[in-house]
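Per-chain numbering from 1; labels A, B, C and D assigned in written order.
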Amino acid sequence: MAEQTQRPITIIAGPCAVESEEQLSSVAETIREAGLSWLRGGTFKPRTSPYSFQGLGDEGLSILSAIGKRFGLSTITEVVDVAHVEMIDKSVDCLQIGMRNMANYELLKAVGNATAKSGKHVLLKRGMAATISEWLAASEYLTTAGSTHVMLCERGIRTFETATRFTLDIAAVPIVHKLSILPVCVDVSHPAGQSDLVPALAKAAVAAGCDALMIEVHPDPPHALSDGPQQLTLSQFSQLVDELRTLAAALGRELR
Amino acid sequence: MAEQTQRPITIIAGPCAVESEEQLSSVAETIREAGLSWLRGGTFKPRTSPYSFQGLGDEGLSILSAIGKRFGLSTITEVVDVAHVEMIDKSVDCLQIGMRNMANYELLKAVGNATAKSGKHVLLKRGMAATISEWLAASEYLTTAGSTHVMLCERGIRTFETATRFTLDIAAVPIVHKLSILPVCVDVSHPAGQSDLVPALAKAAVAAGCDALMIEVHPDPPHALSDGPQQLTLSQFSQLVDELRTLAAALGRELR
Amino acid sequence: MAEQTQRPITIIAGPCAVESEEQLSSVAETIREAGLSWLRGGTFKPRTSPYSFQGLGDEGLSILSAIGKRFGLSTITEVVDVAHVEMIDKSVDCLQIGMRNMANYELLKAVGNATAKSGKHVLLKRGMAATISEWLAASEYLTTAGSTHVMLCERGIRTFETATRFTLDIAAVPIVHKLSILPVCVDVSHPAGQSDLVPALAKAAVAAGCDALMIEVHPDPPHALSDGPQQLTLSQFSQLVDELRTLAAALGRELR
Amino acid sequence: MAEQTQRPITIIAGPCAVESEEQLSSVAETIREAGLSWLRGGTFKPRTSPYSFQGLGDEGLSILSAIGKRFGLSTITEVVDVAHVEMIDKSVDCLQIGMRNMANYELLKAVGNATAKSGKHVLLKRGMAATISEWLAASEYLTTAGSTHVMLCERGIRTFETATRFTLDIAAVPIVHKLSILPVCVDVSHPAGQSDLVPALAKAAVAAGCDALMIEVHPDPPHALSDGPQQLTLSQFSQLVDELRTLAAALGRELR
């Protein structure tokens, strides 16, 4: 396993979906006050049902980009369509491939080609039934296209257990470190499915040696337009960051 | 459950991938001699590794279309990219959405829009970790776009068992009939993963009441460019069709 | 795969649990009228919660034994405790090892030793998360102890799908026939979890080539003390047997 | 969730199986030098194949008991047979119910009855396909019998992923704390299946808030009679304990 001491842990935080400038700026302010640097927010949302909220689209992307600049935060959003790749590549710092599209190889090739030119980052989430081996193979669609800043993201796999939304495969962290040179992020909100489990999963991910953490936070979770139950409030998030900082320090690492 | 007696069972057969005109015509001839009407063949192949055979693409599509016409067979191939939808919609009778793309909703919308105009059929495979509920929700991306000939296709789910490539969820047949008005096909080759299991699974699917069966057949499986082990030879296929015809007759149904 | 033509298909039917002499005799009468020969009934019931009905125990065993003799039916019940093996071995024709105890090797050894002497049959259910390989290995605890009439029983495995109680692994039938000389039964009631799915699963199992079928039937399912929703009524059972007989005949087989 | 600060973390270490007095005493010495207090060792081993090493049985139990006393360590071993309960209850401080027997309710009742009288501890491992809800229900077979020192033990669940032996369900720790008053241990060796993953999983379990950790350690893993690949060497174990102690301190907890 690669020597991880001293490697900072990147915290990627923000709401499930960008809902308004006001919503996103309150989250961005909290992130900046916590001394962190990345802001996430869904703009084009892939939803299981065609009748669910599908994201603000272009407008959401403009808000995300503007708020990122205003608060000096790097930004990340999911891309779900080859036709959006160019626009999203211009608007944010990192393009996310979601779990539903891990094996949408045409999208991966398009994102690989775009980011090979732009130098932007790519975050590749693991499919909910993908083996680690298939996930690493999918990442090669990006790297063979020339993408140079690819990060993998474990986000829970589908199992028989229903007490959580997905089963976080915490062992994916050391295994990816063993088999690949790519860094690995852990999305702790989607496997949890409920916010009170998020702190324990976030600490476990840090202790397991992750390179980044993705945490959903919303100024008013009960009124969120998507995934409300799993999002932390602003104050829960700030408190968790304090606890994670202490934990990281004990491991010779720091948050950014 | 809908009354199924007298409803014919559609057999969709052909190679995993279109490899050449010669290969495909030998399969088409066998299908026609068996009194059947549908020919399948992969042209744009989504593969786990970027280094695997990716299909013949446009050339494969031309071969499939030409052979279909020559032998009077309806044709089906998988579409993996929104940019290909129009071309494939013009070339074949049914567009297949593969299991990797079941939740690629942008592709579903594009296929839904195209087939709403063309009147072509769509076959929607179940994602390997999709619940039946999520699969039915995905089909609504097609039907709400106006697609009127959508068929669902069970093709095995991912479980812990490794003796088969996927676990065929045979109960999906009566459950879909209970919850939906859409017909349901069963792909018996992918769950089997090895050709000697195909006959038992095909018979089970017919007995369970499926509306269609998808079976991979190749004139020379050991030299197939993809998925050789699970493809039947031409003579194995002809024999299986005979057995299925007897079985179907006992259930008051016939093959087409 | 062994030649199966002409091998009869044994139907093992009866209630989830023996509840009374009256209940069991009405089922036994229906089985005899259908021309079948095996009666099942749980007497010592392993239940997930200690607060659920645990079976009638000794009294249930006496009822099962008496009703079997009165109607000329062979009997089977589950054994959950090494201390009960001798008594159950004397009372019934076949000892069932349930899915919870597939890897309770001390119980397997005890049942193996007892049936080596008595010549009684053993039915070994597959654990809900056991691979076929582990299930076959478990059967060797019986056969190496000298048991000579061991039958395996597929009863559904645990997966992420919740539309059924368990996912029936229909491919287990041809795989066991390929890897083992032991016959294979399919319990179609437990994977279904609801009675309206039972006919489709039963037909699929017959078409897949099973050697025996286990079907739960109860004179009054809504008032059953356990597993009511998945049990067929007497008339549903009789109708299903008629349909299965027609199907079996088309496959060159008969029910017994 | 219960306030966990200040609650010590119990480390339960030792070989997969007791193989000899020499083997076990070298492990016990390492545990004592590390300032820890619990020694584990399998004596009656449930093995998937009847042809694998089945443990030293009575002799192993005598060795474990003697070494525990000599080094002042509490001892734990697995019980697989109702007939052994009394003897094992007399010989060790904690009786382990293994994952294969989580739903062997007759064994649970016997262990519950014995420990209700003796006051000994019980460790109940989660079945590899048991939901957390079923696992908690199983624990009630112990507590309703009067057992007062029951600890649950997460040890990985069976999923489709094959890169690890089992998938450690790290979220089980906060969920058990939320739903139950019972403490929860994490066995990190069985899910890992290979020793180099053990440190990351052990740290994750501590960070997630576990009450105890079970770690397999052997003086010579390559020559172990069972599960060699997943056992730590003595020096790897000592180093890991040092790292865990630092981590625990950052969380306001200490090892014992």
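Here is the rule we use: contacts are C-beta pairs under 8 Å (C-beta built on N, C-alpha and C of every residue); 3 or more make two chains touch, one makes a residue touch a chain.
Predicted model only: the values in this text are computed from it and were never measured.
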item	value
Farthest chain relative to subunit A (centres taken as mean CA coordinates)	C
Whole-Å gap separating subunit B and subunit D, where each centre is the average of the chain's CA atoms	48
CA centroid of subunit C to CA centroid of subunit D, Å	35
Multi-chain contact sites of subunit B, meaning residues that touch two or more partners	129, 158-160, 162
Arrangement of touching chains [line / ring / star / complete / other]	complete
Of subunit D, residues touching subunit C in the complex	46-51, 80-83, 100-101, 103-107, 127-129, 134, 137-138, 140-141, 144, 158
Sites on subunit C touched by subunit A in the complex	158-160, 162
Touching residues on subunit A, where the partner in the complex is subunit D	1, 129, 131-133, 157, 159-164, 167-175, 178, 191-192, 196-197, 199-201, 203-209, 246-247, 249-251
